[in-house]
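Both complexes below contain chain A, partnered by chain B and then by chain C.
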Partner chain A sequence: MFSAKLNEKNLATAVSQSLEDEVQGRSLWQAAWLRFKKNRAAMTSVYVLGFIVLCLVFGPMLSQFGHDEIDWAVLMDPYELGRPSIASGHYFGTDDLGQDLFARTMVGGRLSILVGFMGAVVAVIIGCLWGSISGFVGGTLDNVMMRIVEVLDSIPFMFMVILFVTLFGNNIYLIFIVIGMVSWLGIARVVRGVTFSLKNREFIEAAHSIGVSHWKIVLRHIIPNVLGIVMVYASLMVPGFIMFESFLSFLGLGVQPPDTSWGVLISSGAKTLDVAIWQLAFPSLFLVTTLFCFNFIGDGLRDALDPKDR
Partner chain B sequence: MVAIPTLLVIALISFWLMHIAPGGPFDMERPMPEIVRANIEAKFFLNEPFFVQFYIYISNFVQGDLGPSFVYQDFTVTQLVAQAWPVSAVLGALSFAIAVPSGMLLGTIAALNRNTKIDYILMSLSMTGVVIPAFVLAPILVTIFSIHLGWLPAGGWEGGKISYLILPVASIAIASVASIARVMRGAMIETLNQPYIRTARAKGLSTAYILARHAMRPSLIPIIAMLGPSFVSVITGSVIIDIFFGTGGMGQHFVSGALNRDYGLVMGITLIVATLTILFNLIVDLLYALVDPRIRL
Partner chain C sequence: MNSAKLLLKARDLKVHFPVGNSWLFGQPKQLVKAVDGIDLEVYQGETLGVVGESGCGKSTLARALLRLIEPTGGTLQWCGEDMLAFSRKQLIAQRRNFQMIFQDPAACLNPRMTVAECIAEPLYTHEAQLSRKEIEAQVIQMMNRVGLSASHRNRYPHEFSGGQCQRVGIARALILKPQLIICDEPVSALDVSIQAQVINLLKDVQREMNLALVMIAHDLSVVRHISDRVMVMYLGKQMESGTYQAVFDQATHPYTKALLSAVPIADPVASRNRKVQLLLGDLPSPMNPPSGCVFRTRCPEVSEHCANIDPQFSGDISHQIFCNNVQL
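Coming up: the complex of A and B.
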């Protein structure tokens, strides 16, 4: 009896809630945002990442040294005088050349994150266009375009990128456009699949019937509908690119001095880890935390935007 | 079936990149006499048209001749690769052999104990494993085990003695273990929610039996899909590890080739890795059919 009453009450609240919903209306994005907000790991990551970005933007202003400025006083004995200390102004210590590690970590981080985003943006643009055109037009064109994706997919692209770097020198932005250009394949596949299922829906038909051009249908009606899933993909790509940039820089193939990045700092820190552990610790800490955040945010977005889970 | 054309495309692209790259192997500060130059170019077929050169390179490649190294004057690329190959093969195979089963095991344990402390601990460990790159992990491991504890050597190869293998293999394998464990957990949870697993439970079968007989096979499909990427990550990892530990594998030649602009060496290794990757993808496709008979090749 009691439980029946309880159910009635629940039902009542549910009905009133759904009425409210009808009044208010919740778009797909609002619903996703509500789900995302409930994910504590993802929300924490957003705040931590925000903090890191603030550090990267404003941090260098707090430093008493430029990122490529040599502190000659420290240069005599960087392993003793270059220890992290508030007093000397080198909050994170210095590297072997007496350059301030705090400033270098901040400036290097800008490049690392920027490069991650650039790669993702390029990959998203190409992947969306390729996939939606392939899925929308269908037929022979679709076949050809997807065969191309298949062939490109079995190319070990890390080696291709290094070959590219070898041949054309290491302008880091160029490298990342290249990486973005070879890593849009997954996105293209997903977008094509979704486009295929969207193509025959009523609203597309309606657009056709009032004479909207094909181009415009793809851009205005197909792509907004695949953006959710693409965002999930892209958010998981950014950490991959950041890691790849660090990897290239670690090998000495990425950023060149006086520019710096987390990969460069880690690479030089790894050589002196037995005498100057801070040279490895601070850049690694920032890199790993950033990667953590991006991964959690990506997972959170997937849970929030993936219709399968509802 | 796409394998061979794909390989040709890769070879063509990299050969073309090499061709249009600025600077040639015989460009020196003091130009050599025209006749000498013409002779040398003729010896290496550099005076031939592009596609003829490509054809010569490919037919040599098929016969196992990767051409000369531009920097290591006394060696051919084939000799360099032949020296480095065993090291890379041992490191790669060991890491892979360790990473796949232990990743699957950890993922299964996490799935069985879903939303308990064990699950949370395992999953946060695996997230850590995913985000810590090999080039951060390797120095950390060396600091702990070589410098502070002094248990293991910090680098070198010494003919592949076990103590020299542990740290490099661990640094390569941990990332793969972590990502495989995450995927395995997801797949296993999905399988365990299936009605036929409930039926098996209702029949009173033991958990171990259900896992081995009913749940393992369907959960393997995402893992097989992971094998390709994790093969690539093992290769990538081994490049870092070759540099950091000085093990003398292919990665070392690859990077020094890239830094020295030794086009012949870099291209040779790119082609070998491409061949391996494509072969591996082929094996993965065959495995799919083996695990899931519904998939037709």
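Coming up: the complex of A and C.
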């Protein structure tokens, strides 16, 4: 009988034999990473983005001024004395209130990037679970779950934001909540679609035939296989969230002073475009560079994860 | 054969798929009768061959026998127990006793999992108490058994050939030491040279483990030398069934004869002398199958009443056919 063969000695020799000449496979993830590394634009973007993040984290330490500190000396004539200069310690100049723009750009960038990542993380977690369950279970549940997505998607979010602001006052968590609410809808749709096509694949059926529970099938088989598409989608969504936050701030619905974000800085800089171009230039430079980086990285991920589609 | 334990027994098994979005347009719901009244038994340690053209419902039958698709009619028994009455929990627990091997070896493995993880998945599911070491040891042993180098266990399915992937699929099906494996065209996606190796591997493990096999194929040549009993299907219905000798040597049903005459034979004299009976036309749509005998649109021995009367059963325990004009 077969089971008789499965004795200790056999196992021991089998294990020791196989340990001698291990062959490490290359997973689809690893292969994708190798392709990604060959993509110049994407890799450059990774480095640039890394540099920006380092700046945002450590930059304020290099500044002689706090981001909400008013330099009274400059306040007399911010358009002359507030020019960018190494000597005055205002590397990026100051704004109308004499606040150091270098510090403000760094601190504001933290918020902008945080909002972008937050949106992506919320989108990936909720969107993946929601979409894969909806697509996997199908039937009535799928119908209900997708109608919920559509209803949420049809709510005019500016209206909701204004409503929230009047109800709960203006604070930064509100932005997080609002972005969290919108962000996962698109991913949920994408994931549901992919799950629908995955669930009739034979390896899912094989998992059923083994007796794997539905929950494990979703976690072990469906989600790893949609994650590639989701990563591409999410990385392309990050710039959208950053823009969305900027937009809210531009309308005065975002963060409140003395806190700041790139959107706030750009919106106030735009007002003094003709007299103090630096107030617009530096935050915009950072924002635009970051957006470009995310877009290149997203494109790189797409090419790397799905080489057929190029 | 009959002294062996009866594992699986199906009576009048039916799988009808509703098609069309009828709730919206109010059309009468159409049914695809993919499997329409199949009787079969599988005994411990034997091989049952199931043969039929593509689209005749073999895969649907295989899935219905394991309740991967819910049968819409008939009864199904596993070791004497009513399988259709199993609760979800019971069914999952029982799944370790019956496994399946799939037609497309590459597609039946998760591309994001190493082959070791693929093979170990049944253990994770049913033997959760095993340590990682024990699982690894069993995986290695099983890979060696099915002819895969265990040193490749951390590779991914896309790094393997079709034949190797099918061996992985076999290892996965075997690792829980089931009593029954249903093989849905296990070799039809493989090169001819690999087919024999895979079939021989299945035969070997069957002998070692006293395993019952249901071997599904779209032509008779694959099931020819390995089946103890054979069932011939056409459009969801049983045409002829019986022991290997009965079906191959005394084929009686017009459809079986036609299938047999399409199988190449090695003996040139016999090959030259035999009367080739080619089937004309295509498989009719299972959505509106011909009345009476479903085979009548292509049957060489058709007569008028075949359109009106269902084919008559004739035969005994070792050989059964369903036909109006030919009787045993």
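As a working rule, the second predicted complex is superposed on the first by the 251 of 310 C-alpha atoms of A that agree within 3 Å, B and C clash if a C-alpha of one lies under 4 Å from a C-alpha of the other, contacts with A are read in each partner's own complex, and residues count from 1 in each chain.
Rule of thumb we're sticking to: a contact is a pair of C-beta atoms (placed from the backbone, for glycine too) under 8 Å apart; a residue touches a chain by one contact, two chains touch by 3 or more.
Keep in mind that what you see is a predicted model, and the values were worked out from it rather than measured.
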Partner chain(s) touched by A:Ala207 [first = chain B, second = chain C, both, neither]: second
Which of chain B and chain C A:Val288 touches, first, second, both or neither: first
Which superposed partner A:Leu280 touches (first chain B, second chain C, both, neither): first
Contacts of A:Ala270 with chain B and chain C, given as first, second, both or neither: first
Chain B versus chain C as contact partner of A:Gly252, first or second or both or neither: first
Partner chain in contact with A:Met61 - chain B first, chain C second, else both or neither: neither
Overlap of chain C and chain B interfaces on chain A (superposed complexes): none
Partner chain A, residues of chain C touching it in the complex: 63, 66, 68, 91-93, 95-96, 99-100, 102-104, 107-115, 121-122, 125-126, 136-138, 140-141, 144, 149-156, 158-159, 169, 172, 177, 205, 208-210
Parts of chain B lying in touch with chain A, wherever the complex brings them together: 2-3, 5-6, 9-10, 13-14, 17-18, 20-21, 127-128, 130-133, 135-136, 138-139, 142-143, 147, 232, 235-236, 239-240, 243-244, 254-255, 257-259, 261, 263, 266-267, 269-270, 273-274, 277-278, 281
Residue numbers on chain A that touch chain B, as the complex places them: 147, 150-151, 154-156, 158-160, 162-168, 239, 243, 246-247, 250-253, 263, 266-267, 269-270, 273-274, 277, 280, 284, 287-288, 291-292, 295-296
Footprint of chain C on chain A - complex, ascending: 1-3, 5-6, 10-11, 14-15, 17-18, 20-29, 201-203, 205-213, 216, 220-221, 224-225
